[in-house]
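Attaching a single structure in structure tokens format; questions to follow.
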Amino acid sequence: MSDNTFGKLFRVTTWGESHGPAIGCVIDGCPPGLKLDPAMLANDIDRRKTGKSRHTSQRKEADQVQVLSGVFEGVTTGTPISLLIENTDARSRDYSEIARQFRPGHADYTYWHKYGIRDYRGGGRSSARETTMRVAAGAIAKQYLAEKYGVEIRGYLQQIGPHVLAPKSIETANDNPFFCPDPSRVAELESFMDQLRKSGDSVGAAVVAEATSVPVGLGEPVYGKLDGDLAAAMMSINAVKGVEVGAGFDSVVQHGTEHRDEMTPSGFQSNHAGGVLGGISTGQTVRVRVAFKPTSSLRIPCESIDVDGKPIEVVTKGRHDPCVGIRATPIVEAMLALVLMDQVLRHRAQNLDVPELPGRIPAGLE
Amino acid sequence: MSDNTFGKLFRVTTWGESHGPAIGCVIDGCPPGLKLDPAMLANDIDRRKTGKSRHTSQRKEADQVQVLSGVFEGVTTGTPISLLIENTDARSRDYSEIARQFRPGHADYTYWHKYGIRDYRGGGRSSARETTMRVAAGAIAKQYLAEKYGVEIRGYLQQIGPHVLAPKSIETANDNPFFCPDPSRVAELESFMDQLRKSGDSVGAAVVAEATSVPVGLGEPVYGKLDGDLAAAMMSINAVKGVEVGAGFDSVVQHGTEHRDEMTPSGFQSNHAGGVLGGISTGQTVRVRVAFKPTSSLRIPCESIDVDGKPIEVVTKGRHDPCVGIRATPIVEAMLALVLMDQVLRHRAQNLDVPELPGRIPAGLE
Amino acid sequence: MSDNTFGKLFRVTTWGESHGPAIGCVIDGCPPGLKLDPAMLANDIDRRKTGKSRHTSQRKEADQVQVLSGVFEGVTTGTPISLLIENTDARSRDYSEIARQFRPGHADYTYWHKYGIRDYRGGGRSSARETTMRVAAGAIAKQYLAEKYGVEIRGYLQQIGPHVLAPKSIETANDNPFFCPDPSRVAELESFMDQLRKSGDSVGAAVVAEATSVPVGLGEPVYGKLDGDLAAAMMSINAVKGVEVGAGFDSVVQHGTEHRDEMTPSGFQSNHAGGVLGGISTGQTVRVRVAFKPTSSLRIPCESIDVDGKPIEVVTKGRHDPCVGIRATPIVEAMLALVLMDQVLRHRAQNLDVPELPGRIPAGLE
Amino acid sequence: MSDNTFGKLFRVTTWGESHGPAIGCVIDGCPPGLKLDPAMLANDIDRRKTGKSRHTSQRKEADQVQVLSGVFEGVTTGTPISLLIENTDARSRDYSEIARQFRPGHADYTYWHKYGIRDYRGGGRSSARETTMRVAAGAIAKQYLAEKYGVEIRGYLQQIGPHVLAPKSIETANDNPFFCPDPSRVAELESFMDQLRKSGDSVGAAVVAEATSVPVGLGEPVYGKLDGDLAAAMMSINAVKGVEVGAGFDSVVQHGTEHRDEMTPSGFQSNHAGGVLGGISTGQTVRVRVAFKPTSSLRIPCESIDVDGKPIEVVTKGRHDPCVGIRATPIVEAMLALVLMDQVLRHRAQNLDVPELPGRIPAGLE
């Protein structure tokens, strides 16, 4: 089979290649009656764009979203929403010489042997350009979640190479090209990136996203757990190699007395769980951390093979990000939004009759 | 909705509560003609059992698997395979007093508010007892993968609390109660666990599983990627808080020149990818690492609330594991097997016509 | 793939062979909080039983349903409900000689060439015994639909061979072995069936099922339409060859002025639509008619082939129904209930926010 | 949920409203390496077009298909194929006055109460214009099935009102505007339709489609049976009220000795089964018959209600087909192709290892 659809009840099917005429998605299952805010959609698309600073790829796409169906007089109708963005700055000539080459760390070799054919222009379907549509669909999910439940989703760059960034001021993360949540560290990152770019090398990064005001009860045990869905969603993003919820790998060295989040009538006493217990949201902040590998497209040569298995040297020329994690924050946020949106619909399908029971406690300490 | 089914084409639906009459699963989609080896099935079930050493819960279940359908004269027929295990050592009296209590770190609070009702006996559906059926289904997947593709799946305890265990001798991992891959460290672990048990506390752990001889080409971009499925599968296991593929979170500090696995005609020069590029298997060893949180069921008291939101003190009495990671190795292996099995069927559905192209390289350096 | 699961949000996975140790199903997605009525469950199971009159197969099964999970203190918990019925009157010796034979009109030949193996005992998986579990699951759906929405589901034998039966008194359909809705015709049917049985031949039948008080709005355009789901559900029943909704094939000769059901504030003026417009329920009675072919298991010899393709003569001995349509009414009802139940959950997942608009009209004339 | 996706492994997601800027679909799961024939695609699209004779709606669309992704240098790559057709002849002014009206026999009332909003222009999403994309996707499926298995799919108008049309010469069905399979009857149909159009009324029709050279073994018991999928596929087409496979409703009056298709080494002796036994293809011609209701859009006035439930008189003005069945043949063929295509992929996923067993017999008598 093939699987270009995310979600079960709020389903996003993306299509398109990096250097094809357009990319797009179809969102099926959006509740009717949502007044779409085009500015919000455009804003999130803009946040993940390339070419806005010297620290990302210099490809410059207008990224104008066309809404082709599912919206009538500005309001969703419950029928499929088709979104389309034309590719306007694809320079296929940059890639022509790699038609017969496999770039290490890329999907070239695996697509080739899986499908027997590949659109090599700009990575084809495996390009991160696909994530534009995730951001678009995620923006709609964010809007619904905010309106109906007051859910707020935000993200930030938590680490880049050796630089660990504390969330001192998450609300400023959108004010710099790195989504750095600590304004005092931005200059340091600029300098780090400039040096990196000059070296021709790349580096990994970690991004955190969190959702506040998530209602208790989202998540479907046992194979549709909220954290299981989050893990799948995040790992499906290009270049992701690891996912943590709450304490994540720190749990390995914790004791139970430390990890278990005690409860009092005034709320939870900590949030090592990351807002999820038994696969179901607790009402605390849902928090996920995602590891991005360093870009493999480098102008520093490396050993590789061609389509015949013969040894070659590969040097990547095109326009690439020295750290894909830099632009990843809106994508991670979008996937978090899509997971929550889907789980909201799934939850109410089965559990609509469940009355709100007494004894709910607030989020408490985070 | 509810989601107790794992997989898309090799689908495992599990059912049953910890203290109900039985647990079971239905496997739908198993290829016909597979001669089931009952000993292999029993062996994996036995590996995850409680009560085999002083380091795990003392619940003792016979765990005899009944095969109720889908197998005729020892061979799978392609119809659903129904497996059932009776619960024989459930002691519900141990749990009666917690009917109105929520245990911190457990799914009690979330099930209650999601469903408005819960089977509190032994954790009900949220009990790790459910994983027995994953191991049973995984054993069938392992057998198919081994026979048809020579895939071998193995796992080990990679870390417990501060003790990091190098895979010096993975084949000995089954010879000790910890699945420790280094026989020289077993005594140290015994002593560590004895001390922990006496303290009444618990600790986290990390488990690694890997699959060798995985054919190149498994994995469905972009939302059914092999690593995406692995992440979902692992995060769906009770107590898991993090998943890494290949270099995982170490990628964050790596440079591209280090991370990208260079290729030569004699094979890959490293395996930071963990056997997956662009969501598709490369032919290298698929390697995943999973973080388990420390058990929350402790005899050390803690603050909590009851069903009315009133403050209480909780002390857990029943029979519990001081480190759930200890018995988790067969479960992680099983989920790896189930993911690969499902992806094998998915791959050949779409790509059967693709000829084996020249230029495939061996796994190379790991 | 294989597909033994019915439904998307109220999912019923059945398993088991006619002559295996047991049959069963797992119901995933049932709303929590439903107080199950065991008598209602037993009653429906009993209605489809064989061996209750001389007009059906003489196989006598106790058909005692065991509830193994998902129900706590008589109430559904939202976790999977596992139901199991032991096979107690399977006489496999009756079938041993057909191990190498293909019975015309049966699934023997197709299973053999699809799977390369078949459990030939009593039809194995292709036996109508599987429908017992549909009835069991359907009984739970009926109970939910009745409690929450007042939906009532009922069915009757509408035709058997040349005998067309008008629904003069549907409530008496359960009082005779044929589900005949006209008591004045029962003697005639008895005589018809006695004669048929003596002749050794079999005959086809048509069954009607209808649901009243269905809320307007159920059905998911365009590939999950209510009538599309009904068609799939009914055609999946053994021996079914045709499905009609509302006017069905009579529509072919109707004019638009006749067929279109005019609307007035006091209700629809007719119900040629069968309660569905554009794939969505109108609020009128949902009505479906289903054609059953005559049983192919006859003691009258016929030409066939064996597993090597050699010509043979086949005479069926076992215990069979001379008209499978006779016992089909509870099965058709069950499938109608399962479709509605699933659509109820699907509808509220997406459309919960839609307010009840003014201008709804009553069902009106039927 | 919402459901605008057809198929499980060959998945077609359609989107678009009758009077929106465009309609389109995304095909996910198409095998790679298929050389698409644009002429074949255009030909099928052209066959279902309106405006080609005086007997259908006079809306004239160019219906130029744009291929936006999934095809590289004319060959499918295995990634999602995005197809788009612009709407160029939508005249929304025709429909403005029915914004507050519900047309009997249409989906107006049901969409309104399901979604709380509707795009009333030209029927919005419930318009038969959606079926254009089914035909486009079906053309790709047809091409694959023909190339790989030699499957041929063809259809014809079998009945219109009282006129029953024998398949005397199916290959001529494309030569007349009715898909009439008997050239000697075309003049009669022209006259019938002219008279009908003048009367302002409409009429129903029945369409037959069949597939030859279907390999034995397609179909997934028990809820993904080949005939079950066909039933769902056909009933999902606008205006369809009934589906038959093989003998269909004629089975009701047949005896088993007549219906069961006897087998000899030279083939089946008849085909009452319609090429399906136990839900699995037999290797005979798969034959399905579909009932279309008469169009409800008439210039003859009728009683109805408005959005407030007030009584009104409705007269439909726009451009409509007096018999939707006339243009339905390519749509029924397309759905048959999509079902077979999906089942081909599903079958090989599970049963690839099954060797071709001896003893297969030819299709025989039809």
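Assorted remarks:
Letters are used for the chains, namely A, B, C and D, taken in the order the chains are written, and counting of residues starts over at 1 for each.
Note that in this section a contact is a pair of C-beta atoms (placed from the backbone, for glycine too) under 8 Å apart; a residue touches a chain by one contact, two chains touch by 3 or more.
All figures in this text were calculated on a predicted structure; none of them were measured in a lab.
Taking only C-alpha atoms, you rotate subunit A by 180 degrees to land it on subunit B; that is to the nearest 5. The most distant chain from subunit C, with centres taken as the mean of CA atoms, is A.
Note on B-D: across the candidates A-B, A-C or C-D, the interface recurring with over half of the contact pairs conserved by residue number is A-C. Distance between subunit C and subunit D, defined via averaged C-alpha coordinates, is recorded as 26 Å.
Averaged C-alpha coordinates put the centre of subunit A at 39 Å from the centre of subunit D.
Residues of subunit C found to touch two or more other chains are 1-5, 8-9, 14, 29-30, 32-33, 78-79, 114-116, 125, 221, 345-346, 349-351, 354.
On subunit B, the positions that touch subunit C within their shared complex are 1-5, 8-9, 11, 13-17, 20-24, 26, 28-30, 32-33, 66, 68-70, 72, 75, 77-82, 84, 114-119, 124-125, 345, 349. For subunit C in complex with subunit A, the residues that touch the partner chain are 9, 29-33, 78-79, 148, 221, 345-346, 348-354. The part of subunit C that touches subunit D in the complex is made up of residues 1-6, 8-9, 14, 102, 104-107, 109-116, 125-126, 130, 159-162, 201-206, 216-225, 227-236, 238, 240-249, 251-265, 269, 272-274, 277-282, 291-298, 300, 302-311, 325, 346-347, 349-351, 354-355, 357-361.
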